[in-house]
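Letters A, B, C and D name the chains as they come in the text, with residue numbers starting at 1 for each one.
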Amino acid sequence: MEQYKIYLGGEFIETSQQLNVTNPFTGLQFAQTYLATQADLETAIRKAEAAKEEVKNLPSYKRYEILMQIANEIKKNRDHLAKVLCMESGKPIRYALPEIERAMQTFIVAAEESKRLPKDYISLDWTPSGENKEGIIKHFPIGIVAGIAPFNFPMNLAVHKIAPAIAAGCPIVLKPASSTPLSTLELAKIIDKTELPKGAVSILPMDRKTGNQLVTDERFKLLSFTGSPVVGWEMKKSAGKKKTVLELGGNAAVIITESADLKTAVAKSIVAGFAYSGQICIHAQRFFIHENVFDAFVDQFIGITKNLKQGDPLNKETEISHMIDKKNAERVEGWISEAVQAGAKILTGGRRNGSYVEPSVLTNTSSKMKVCSEEIFGPVVILEKYNTFSEAVEMVNDSAFGLQAGVFTNNAKEIELAFNNIEAGGVIINDTPTFRMDHMPYGGVKDSGQGREGIKYAILDMLEPRILVK
Amino acid sequence: MEQYKIYLGGEFIETSQQLNVTNPFTGLQFAQTYLATQADLETAIRKAEAAKEEVKNLPSYKRYEILMQIANEIKKNRDHLAKVLCMESGKPIRYALPEIERAMQTFIVAAEESKRLPKDYISLDWTPSGENKEGIIKHFPIGIVAGIAPFNFPMNLAVHKIAPAIAAGCPIVLKPASSTPLSTLELAKIIDKTELPKGAVSILPMDRKTGNQLVTDERFKLLSFTGSPVVGWEMKKSAGKKKTVLELGGNAAVIITESADLKTAVAKSIVAGFAYSGQICIHAQRFFIHENVFDAFVDQFIGITKNLKQGDPLNKETEISHMIDKKNAERVEGWISEAVQAGAKILTGGRRNGSYVEPSVLTNTSSKMKVCSEEIFGPVVILEKYNTFSEAVEMVNDSAFGLQAGVFTNNAKEIELAFNNIEAGGVIINDTPTFRMDHMPYGGVKDSGQGREGIKYAILDMLEPRILVK
Amino acid sequence: MEQYKIYLGGEFIETSQQLNVTNPFTGLQFAQTYLATQADLETAIRKAEAAKEEVKNLPSYKRYEILMQIANEIKKNRDHLAKVLCMESGKPIRYALPEIERAMQTFIVAAEESKRLPKDYISLDWTPSGENKEGIIKHFPIGIVAGIAPFNFPMNLAVHKIAPAIAAGCPIVLKPASSTPLSTLELAKIIDKTELPKGAVSILPMDRKTGNQLVTDERFKLLSFTGSPVVGWEMKKSAGKKKTVLELGGNAAVIITESADLKTAVAKSIVAGFAYSGQICIHAQRFFIHENVFDAFVDQFIGITKNLKQGDPLNKETEISHMIDKKNAERVEGWISEAVQAGAKILTGGRRNGSYVEPSVLTNTSSKMKVCSEEIFGPVVILEKYNTFSEAVEMVNDSAFGLQAGVFTNNAKEIELAFNNIEAGGVIINDTPTFRMDHMPYGGVKDSGQGREGIKYAILDMLEPRILVK
Amino acid sequence: MEQYKIYLGGEFIETSQQLNVTNPFTGLQFAQTYLATQADLETAIRKAEAAKEEVKNLPSYKRYEILMQIANEIKKNRDHLAKVLCMESGKPIRYALPEIERAMQTFIVAAEESKRLPKDYISLDWTPSGENKEGIIKHFPIGIVAGIAPFNFPMNLAVHKIAPAIAAGCPIVLKPASSTPLSTLELAKIIDKTELPKGAVSILPMDRKTGNQLVTDERFKLLSFTGSPVVGWEMKKSAGKKKTVLELGGNAAVIITESADLKTAVAKSIVAGFAYSGQICIHAQRFFIHENVFDAFVDQFIGITKNLKQGDPLNKETEISHMIDKKNAERVEGWISEAVQAGAKILTGGRRNGSYVEPSVLTNTSSKMKVCSEEIFGPVVILEKYNTFSEAVEMVNDSAFGLQAGVFTNNAKEIELAFNNIEAGGVIINDTPTFRMDHMPYGGVKDSGQGREGIKYAILDMLEPRILVK
């Protein structure tokens, strides 16, 4: 069984606390690593403090070289990394491979942005008291960053914190999810070979108690958390003086209008609804379909859903596999039951087998049911009918969340209405809310979070502006 | 009869060459002013040279105060200015008044932009040889500007050169059209009352020979010309080392699609086609209408055209009046005849009476006829049918010109197609090519010109960047 | 005695709780106003909610008109406003008048920025999955803003929250300091005359308990607080999901190098040290002077300090007057005593009389003394010697705070060292930390705060970005 | 002897006109290639026209891939490319190698910028007539570019036209200098292996007559010329409607102040004065040295100059070698003689041997002598004394040219004075005018040119903005 040491500021170490990693599909342990102790975390912080000045002062060509070297190594080790990711997370290899490629792209963009950190030069002589003065604005690294990454994109969502931190010149201590620590520990091996000062990056699995220090310790100047809304908002309260970036989830919606290309809409909706069993922050959970095309959409949607290929995620044909663990599968099963009891109708799926949940389609739901109002994080979608476009927008907004929304339409007025009125961080036209380019600003409004990722935007949160007046 | 002195770098002077100003509607002279001699121009240039350093060094709050004072004075004298403009140009008062208001707005925007001249601050350490170096980029006034303004927007198109020059810190010598010098000479009175250094602005009517020195004299660092394509492109050839900005005309087109709101489209098209007798750079000359709505559009269009109210431009009800002079009216009449002989059909109008030309609508034209291929600069439009949107785009592009184009549609794909394929400086959705906000980038592609106006963009052309590396 | 009603979302009301306003110099009550009750605050929030959509949808020309109208009214009422401000705060009229002028300037800049809200347009085709897609990024108003303003710049620091809120399209509930509510209530009268939707602005004095709801109520989406560090950081902890901008204080430092123009340095340092009795967030508290010029600087500094003109703040000659209240004066007196007992030496001043504290200069201090380590917010400065410039930078940084710092030098290397190493939001060359232009980014690092004000920057915090992908 | 075919839009061809390439050091022909005929150029233009649409529509990830592939291939072939460049130009290998590395960097930056073409999104509702409208501004490729590159940086200055053209989406026809066509023809081989549409790039040596069509043919929309001032300004006159970017030369100056680090200043000045025998656009030609350090500077400067290692450019030790040809060497010799006859004094050097000119230092010159007033483009520098800094700035400005200037100083006021008053495209502090980072804006004022290169800036000139209003 493969052993993974954890990455403590330039050293790979073992600790007293073993962490077993299980393949969600087989249910079998296939690797072993470690949890960092509180003392390890203290060491990581001190190493980060010690490296801070050196990291801050790296010229941009050095940052660029380091980040591009990491990107190139990811490219070379693509297949291996994808396999590790697949096995630890149960994510089908057809989705695991693109995630590795996106992680590579995230490093490339960070390399480029490291040469383009925001700088401004402004005139100050707008009133007589500023005469002959000018301002130079430069952004300095904020200090040590605490990163907490989730299990569902164990590689790329961690990279969305690590790569910007290197680009910005901030040391980072990253806690991967305990169920999926391996792909980031593989990344640690790649990072360790670069000229990045030791101490600048630590990748440390931790139990929740130790991990909580990432939230509370005032030596961290920024907490960047990706995970569930409940946990995220609690963290903000105990974060002290540090800044917080919260990338939380939602119950993303899709509107299918009359002018939509139905075939494309269905194909994209299926992927958005069931890829990685819906365990995606921008999983498309709620579909609102114009009444004139509702039946056609449902027919096609159900047809394809029933034929989704289930099985071993390592198999390239596999489209849907087991959820991350049985506990979550049971939760999803429970929410479906609750909905059905309250009047919802299952159009297909609905059953659970161990940690596997069938791709499930519900209708006749109400916005109070958990399958609608909460983030289901499982292979469940609801399909409902609407009449006017304004009504559809209201249905999308009838939610505590607002991460992204998709709208299939060719009508310019509807696009404008959607953009100006849908309460979400992103409105995706003729595609699903699941669409994300790694360099675009990404993040939620309402309870879906605060702050934006997308390299340039993540970097900005890791910097603080200072003005020189002269 | 009112006498207007001309404005020579801070002094109002008379010269040996009188210039009579005639009301195009009555055909009677109503004011008298002067043409600058070559010696006057030499004086203007020397005064500009002498003022250059002081103007360059004005702090931004001073530029702001001066520009806002001018804006406020224009506001106060609005009615008088509009009347002068109306009488010298024959432009109906209903269009003259908004032009004065736009001139005010142009000064306000210039005031604001004078505080926001472009400045950049960049990192240079992208390779080891730039380590520890940074760059500061500041834009310095380019030197003296030569401005040549046309008769058709005698106030605002002159202001689009004067206001940016003041904002940028460049002295300017402006030549108004000989037929319409009065509104800018009124403006000179306003400018003269500000604290702008004397010599920074001269407003000098000139004959063509003297005016040609604005093009050839190397002491001018920028020639900003608004006028006809033929003249403009010739000027570029004899401009020597100086930069040239050419705001020329065109034969702007409009596409009316099936998804257009027909009533709005017709109403806006009438104004775009006949306002100020079509003597507008972005006059809508060619209309391409989807075959399914062609008849309906034509009916409504002709109906309104026939009822346009003709008369004295000082009358608030007047919608159309005489052209700037008889020579131009005859030219327009000639082009119509030529078209009819080649097979075009007149749907309404087509006749001339002195310098008045009826609002005229043609169809059955071909793209080789002058009424299609040249800038008509008269109250003539052609209406033609199209089948597919791509075909309509090709019809728009079948022209040597490309200033702006209008597209009435609610179809998102058509909007995208239009933007990516129509060869024009601006594509205006659900409005006509005649739409212009004074702060937006404005200018043509192909033979319609080079460079952009729109205050911020005009200012940019009056500045040259210099980098400080340290 | 003048009565001031408080401003509840478009209505001027009286409440059951009277608030007496006292002139700090005479110690006499001269006006009376009211504290808002919890029910009033609830009404204000509901009115804000009701106005939200209308405020969000104001076109930019409307926002501009409203903000410029306010600026113009402030200009017209300048003397009256300055007098009210002077009387409620005890701020000498020579400083009160410029504050009113700055408030006017803050509205002008907000007017201009309301037309320039950030908008972005980006390509997304950086990988094949983004092919044919583009992103449009627009910033939408975040929702209702809670503003809490301090007593020391009762007008302009409130305006730095109100003007950006109007520009951004956010309703705001502002709590002025209870000791100085009048100038903002005067402002309310001006705002009320504009076309701003009623409910968009409330200006409500409150007791601390009621005011705490501004911090905790989740209907506020942003808390913008200017005040003391201790209070500010506590607020952040109880702010729930809302964003917080904290403009706190500090113990700002000045470095006087050998290459400084000593006369200018002394003159500016005196103002920075004693204006409004040091009750300024960027009051210059700590002076580090090169040993070769220390004696000369101290001599000149003491000489002028001793001759500062004390008296009635309404007198134009008065340079220093009473502190805001006796409690604060006693606190300052206590800190001086503590310092003296620990070895500090008083060079001049040091005594208190009622709420008046003499302008006081100390030396021989250590960084642990409260007069050094805490924000004194009183007319006290410490002067100490340094040897190398690096040492001086370390002395500046030996503080929990970092708002702004001043450096008097003509040495390019020192300027670079200062900018790259002084931990402060702003480094002001050849001027004091007290320098602020209202449009520049302003705010602290370390314990001096989080976020930046300066209109454009304040507006940015009141907006949330959303991307349209198409 | 090596044969090089020339690159005609995707094909390597031979023509009827042979072109022999000679090694300036040995004087022997070592390679042979061809001149394009007028018919070849016509073919190149037609291929470019044919490829235009495809090149325009390349998604940015394709442009990025192509440009990065070229950069990587340059890296792999570095030594070979440097040797070719060295042999054709006589440039010492110690300077040829960095040029190849810079060409690689230029492609990398172009790759990154191809994803960041300027796009803007602006509000238009600044007056009521713009209500509910917004503007989207996108930059479209301008059309076919004509590039003319000089012999002195035969690789990188050609790359500064080719790489931006690919990034911008414009086809380009590039004419290398007839004396140094080989390195760009090597580049053609690399470009040809990429997926760039055939026809997008042609690299064609031509005689002057054929080459003149690059200037006059209206199918080219931009002429980007790097070369001598006289030729450049003539081209502008015959360029017709096309835009012109002129990167011309100058007689760059350096100021050495009292506060300069003399050793560094001398070392950098030697390289700036004599590298590649001064055949560099930003060759440092005129040195103005504060009288207090003049003697010390001259001593050190002469000392090193005398020991510069002359010889075969392929030898890594060689610091100075033969000029490009005998004609130029004789010209330089003549200018020196003329200066000496008019009173100048030779401090070292001054003699010519075939095409070799000794590194020569003159003093006692006057600004009218050709060695001062013209671009010498040879290994000659003049050293003169100044008294006040303002005087030194005037001496720098006493020239028809203004490309870049160097100032060695540590005085902040002098830096500010230099930036605000030296008439040059770049002012380089504590370095020589010869400093250039490939991504920085680079270009001259006065007779040194028009427009800026530096990838991002070069790209901007190859694009034209169009606004979509909706």
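Basically, a residue touches a chain if its C-beta (ideal position, glycine included) is under 8 Å from a C-beta of that chain, and two chains touch if they have at least 3 such contacts.
Keep in mind that this is a model prediction, so the values were computed, not measured.
With centres defined by CA atoms alone, the chain at the far end from chain D is C. Annotation: C-D is the more contact-rich of the chain pairs A-D and C-D, by number of C-beta pairs in contact. Put simply, the C-alpha centre of chain A and that of chain D have 46 angstrom between them. Annotation: 38 Å between the Cα-based centres of chain A and chain C. Averaged Cα coordinates give chain C a centre that lies 51 Å from the centre of chain D. In chain B, the positions touching at least two other chains are 115, 122, 126-127, 130, 136-138, 412, 415, 429, 470. In the complex of the two chains, the chain B residues touching chain A come out as 59-61, 64, 115-117, 119-123, 125-128, 130-132, 134, 136-138, 409-413, 415, 429. Interface residues of chain C, counted against chain B in their complex, comprise 112, 115, 412, 470. Within the complex, the chain C residues that touch chain A are 101-102, 105, 109, 122, 124, 126-127, 129-130, 133, 135-138, 233, 236-238, 240-241, 243, 415, 418-419, 424-431, 435, 437-442, 445, 447, 450, 452, 464-470.
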